[in-house]
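Both complexes below contain chain A, partnered by chain B and then by chain C.
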Partner chain A sequence: MSTIAPKFRLGHFIASLTDNIFWGVVLFTLIGLPIVFIVLFLIELPEIDGKLLSPYLAVTYIADPSRTLPIIQSLIQTDFFKIVAFPGFGFAALIAGATIFIERKFLAKIQLRPGPFYCGKVEGILQLMADGLKLISKEIIIPAKADKPIFWAAPVLFVATAAAFVSLIPVAPGWVVADLDVGLIAVFAIIGFFPIITILVSWAANSKFPFIGGIRALHQMVSFEIPLILSLLGIVILTGTLNLSEIVASQAGIWWIVFLPIGAIVFFISILAELERIPFDLPEAESEIVAGWLTEFSGMMYGLVQLGSYVKLYAFAGLFVTLFLGGWHGPMVVPPFPEEIITEGITMGPISIKIPGLPLFSQEMLNGTLWFVIKTMGVIMVILLPRGVFPRIRIDLLLHVGWYKLIGLCFLNLFIALGLIYGGVLGPEGFIQ
Partner chain B sequence: MVGEIASSYSPVLLIFGFALIAMAPTLIISRMIAPKKRSNPVKFLPMECGQVPSGEGRTHFMMQYYAYILMFVVFDVMAIFLFAWGTSMLELPRTATLPILAFLGIMFAAMAYALHESRRRDIW
Partner chain C sequence: MTTQFPPGIQLEKEDERIMTLNIGPQHPGSGHMRLIIKVDGDYIVSCDPDPGYVHRGEEKMAEHRNYLLNIPHLERPVIHDSCNILYPYCLAVEELLGTEVPERAKYIRVIASELNRCVYTMYWLGIYGIFLGHSTMFMWPMADRELLIDLLEAMTGARVTHSFFIPGGVRNDVPPNFEDRVLRQLSYFEKRLKEYEDIFYQNPVLKSRTEGTGILSREDAIRLGVTGSVLRSAGVDFDLRKKEPYDVYDNIDFETQVLKEGDSYARSRVPYLDMLESCNIIRDALTKMPTSGSVRVKLKPNPKGSADEVYRRVESGRGSLGMYLVSNGTPQPYRLKISVGSFRNIICLPYLLKGELLGNMPAVYWSLNYWPVEADR
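So, the complex of A and B:
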């Protein structure tokens, strides 16, 4: 019979606890407090109710629940919140996690299997958490001859590049991390980094399967980048702007997929190729080259690459929605915030509390986010669907499709856009505004 | 003015840096809590489906489709040039479209010729 901790003694346990507390206090006073004061000195604090928010005022406000909301509201508007939580990394990672689970269930239903079933009581809902724990507690094995610094950095860089891509996608009116004038060109610039990371991994691993997979990925991503770029030229001609928020705003009436269906189809096929999804998953073809460029990754490094690829999937689906499916536009379904709560406060029995700072989010923002998420999940489902339906195609056919068919269709799409303007249908003099 | 334009790009770099800072600890934690059992040289060999690896990892590999990479270098730049025209097309006079059509014709002809040459097996 084995015991978990054979030499356990309560005295030692308490001594170690007090030891930890002592070092915690010492480090906080020596390092933590100076950092707090430096941060408070450097950060521009918001102004609430006409008073500049000092640290002491902030502490009193937090103690009073009815005054906490203005602080939260001013925090939500900062760049930090946008980057960390809502339209930025946290939101994207949440949708990526949901996508992983939905993909497994959805494919299982297509193939008449139950899918994840045992983790969590209901339909294996905790499978993702179990997988995360499994990945993080696995040993990371790196091949002896690998180029170690690059090999360690590549998964983190992959996630970070995908996150930079997410920052350009507008989710709701005014809710975008980086609202650039040349947003579309910035998207192309960031997409261009993914083949570089892939080829870095395949070279640094110093192994045959990653090398072959990396070369395949390079060919595929590079070949489909030109149809991807050219298929969006029609939209740029019709809107006259590269700013993604303005492109969404221009679709208040009719979505661009109605006028430019060929461009949308070409863009969708290019997305599948850029994301290395079936039928274009040659770089990770598991029945031919083990796992392609991911072969030598183990444990959490593999998990990070998977997270990055699903964040990238969300970003591409969001880009498709932004460009072709009208972004945040949709009928107003979110009910307006009740007026009497703002003017009279909440009444619960004898107590009535008036809370300033409500509503936290405007009705337009909630509605826009709702429609954006619905459309994005729809596009993600359509991207996931081929995995259950199609076989993998050969590399010469893939390159042939990319270079001969799709680029020709891109030019056709361009001439449709020109015809719409010069035929007087769209544009400044067109009869559809 | 220039500073304003440059600072509008800073969130992209900030989210990049945030993802780096947020994701690096997962590797460090994994390194701390993962077991390290029985180190032997076979464990750190490159994966070749259970066989003992033979030869170099970074071998010579026939890049049959190298022509496509070369074509990408040229036509990617040409495709991006078209966006400069596309953004300002609504303000330009209609006659300005004709030179662009000529440019498209040259691009298309060059692409067709390059694709035709890339199918020749004797030059690669």
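So, the complex of A and C:
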């Protein structure tokens, strides 16, 4: 006898099934059908591919799924899809999840251990889902004397700011949520929000260790924002634009990392500091100040902050690729979509499939996305690598590096950019176009 | 009437800049002890170590058991260094009972105690790594330590709580072809130690963090009574294996590791150099060890000592470890006083931390080669 349902009887099971079917039919006739007719009567439905979208047409989609292609195509071109799914948050969250998995396995290999191993049978691939479920099911504890509205709002704000950052990164030609002419300035504006959220959390938690961690984070982020901004001015001088898509388009030939290696190095170090990653993880130094400004977070609030920080990691890596590594540019690897499928269809044995609409994604878009993801994952791996090699740096050395060395290197980088312009190497009249 | 503070951080008094941090006993950077640290900004004004959370009354327990039954529980304070903590006890009891230890047992004791020193130091090094945020240095010693533990397991039958040393020798002889196994393991171990040197001790970030922090001068080291690696890192050439040789340490060629700087880096480096020297000691002991012979002297079931007082000390992983044994002629010790290096080293922590940055606290604290459980006994 099964231990799950010890008093199982087939008759009761069938009775319950028929019961459910009966009530479903009754409720659908009494409530569902009137609602459908009210909708049809009052709301004007969109016309897709020459046909009016109606519930009856929607039922026919079940019979022929290829008829849904025009709908999917029109959905993909909406802003909603861009924000939620592809170049926006969903894509970023997917890469963030992949990053967490890669970080665990990659570090584990450096450190002579297997890493997550059991969950999901294949190399612990479902460990992240298990962790997420654990965090969701945990109790959220708020300190008694905390400033509750700010404390509740902070994790959501953190994720929202990270998502806003993601919306500025161009993934493929034309595939960017917000294609701003002042894209780079918008990036700086969004980065400026992170220290504010951090200090709000640490103040609102009303606890000592978050307070110290928040003050440290403030020091660190503010002092590394200046080299971060200055290191990108070289590119702005060379390209003459602040639009991130145009900056990528300008790197069709040679990437900017070739001309401005110092700027790239400074920008990379500043990224590490902004992301609070080892060796700059002072705000979360666990042996000194428990978990820094995250100490009082529990359950899914902590999970949200972690999600936000990995989305932020993706966004910074994407920004590095966009600015220095040529964004979506790369040799064509995706084969072009054959025209015969649209016109004639594919015949596979007795079934022939015909796709009447256009292809959903163009070849440039798929190819650009592929190269962008490959480069971004490469940058992310390099961002993860110091965690296996370096210990944590001290606060005075950190400020010394930020204010003294990196800013000096930034000016050197600016002079190199100016030299390239006035030396006639680059720019409108240079010999390398 | 109390003042109503606005939401936000609340200090002890409104007009003071000093904030008190209770680091421990439940804190990732404390171990089983509490550090009451007062900070002004990021600078430490004062530090008050508060050990005693894992006191077990080992000394009192020893008064109710006879000399042999004391062995299993006396090694509990430092299970990672259990041979070394039993060493002075066995020496003291042997002197009290007037037992002569066989020559082969003496060499086996030296080998076991040096292996155990490496096992302990690897554990300590791993925790030092994670205290500084170096997670690779936490994982590597923990993994390589297992191989040494396997050796000790083959030798004694237990992984960490060996109960191997007994008054009158060691409990059992080493297994056959033990020598080859030890030599093979040691060559691998030394190779790994060189990799530790590259990734940890020559790491520029680590050097910038630990060099010049928490400097203990030679005079202060002698005045505060620190022992072991802390004393030797301050430039004092004092190793009990050299100065007061016990068993066969006077027959073995080895060098005392002394550094002059006295900062956290030197304090963290002396145990590492000791590990390298331990490999040489083990090799030398294996060549000089008699190939056959008895390893223990049969004691009477319930031995009685003469009414006398004995004090013997050895160089453990954490410094001088002494046992003061008072007997009144009964089978139980009248009094057993354990003097441990951990407790004597932690005394200098308030002196070292004053005026340092809070970020230096883990680097200075754990470089003192301190084991909270041993200090509480």
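By our rule, the second predicted complex is superposed on the first by the 363 of 433 C-alpha atoms of A that agree within 3 Å, B and C clash if a C-alpha of one lies under 4 Å from a C-alpha of the other, contacts with A are read in each partner's own complex, and residues count from 1 in each chain.
Convention: contacts are C-beta pairs under 8 Å (C-beta built on N, C-alpha and C of every residue); 3 or more make two chains touch, one makes a residue touch a chain.
Owing to the predicted nature of the structure, the values given are computational and were not obtained by experimental measurement.
Shared-chain residue A:L75: touches no atom of chain B or chain C. Once the two complexes are overlaid on the shared chain, A:I140 sits against chain B while remaining clear of chain C. In the superposed model, A:V25 lies in contact with neither chain B nor chain C. With both complexes placed on chain A, chain A has more residues touched by B than by the other of chain B and chain C. Residue contacts after overlaying the shared chain place A:V382 against neither chain B nor chain C.
With both structures placed on the common chain, the touch criterion links A:W403 to chain B but leaves chain C unconnected. With both structures placed on the common chain, the touch criterion links A:R113 to chain C but leaves chain B unconnected. With both structures placed on the common chain, the touch criterion links A:R394 to chain C but leaves chain B unconnected. Touch criterion met: A:L282 reaches chain C, while chain B stays clear of it.
By the touch criterion stated above, A:L40 is placed in contact with neither chain B nor chain C. Overlap of the chain B and chain C interfaces on chain A: residues 145, 203, 206-209, 211-212, 290, 395-396. The residues of chain A lying in touch with chain B in their complex are 79, 82-84, 88-89, 135-145, 152, 155-157, 159-164, 166-168, 177-181, 184-186, 188, 190, 203, 205-209, 211-212, 215, 218-219, 222-223, 225-226, 229-230, 233, 236-237, 240-242, 290, 295-296, 299-301, 303-304, 307, 395-396, 399, 403-404, 407, 411, 414, 418, 421-422, 427-428.
The touching residues of chain A, when paired with chain C in their complex, are 107, 110-113, 145-147, 203-204, 206-209, 211-212, 216, 278-279, 281-282, 285-290, 387-397.
Residues 5, 8-20, 22-24, 26-27, 29-31, 33-37, 41, 43-49, 53, 57-59, 61, 63, 65, 68-69, 71-72, 75-76, 79-80, 82-83, 86-91, 94, 97, 104, 108, 111, 115 of chain B touch chain A in their complex.
Against chain A, the residues of chain C that register as touching in their complex are 7-10, 19, 21, 27-29, 39, 42, 129-140, 143, 199-200, 203, 205-206, 208-209, 357-362.
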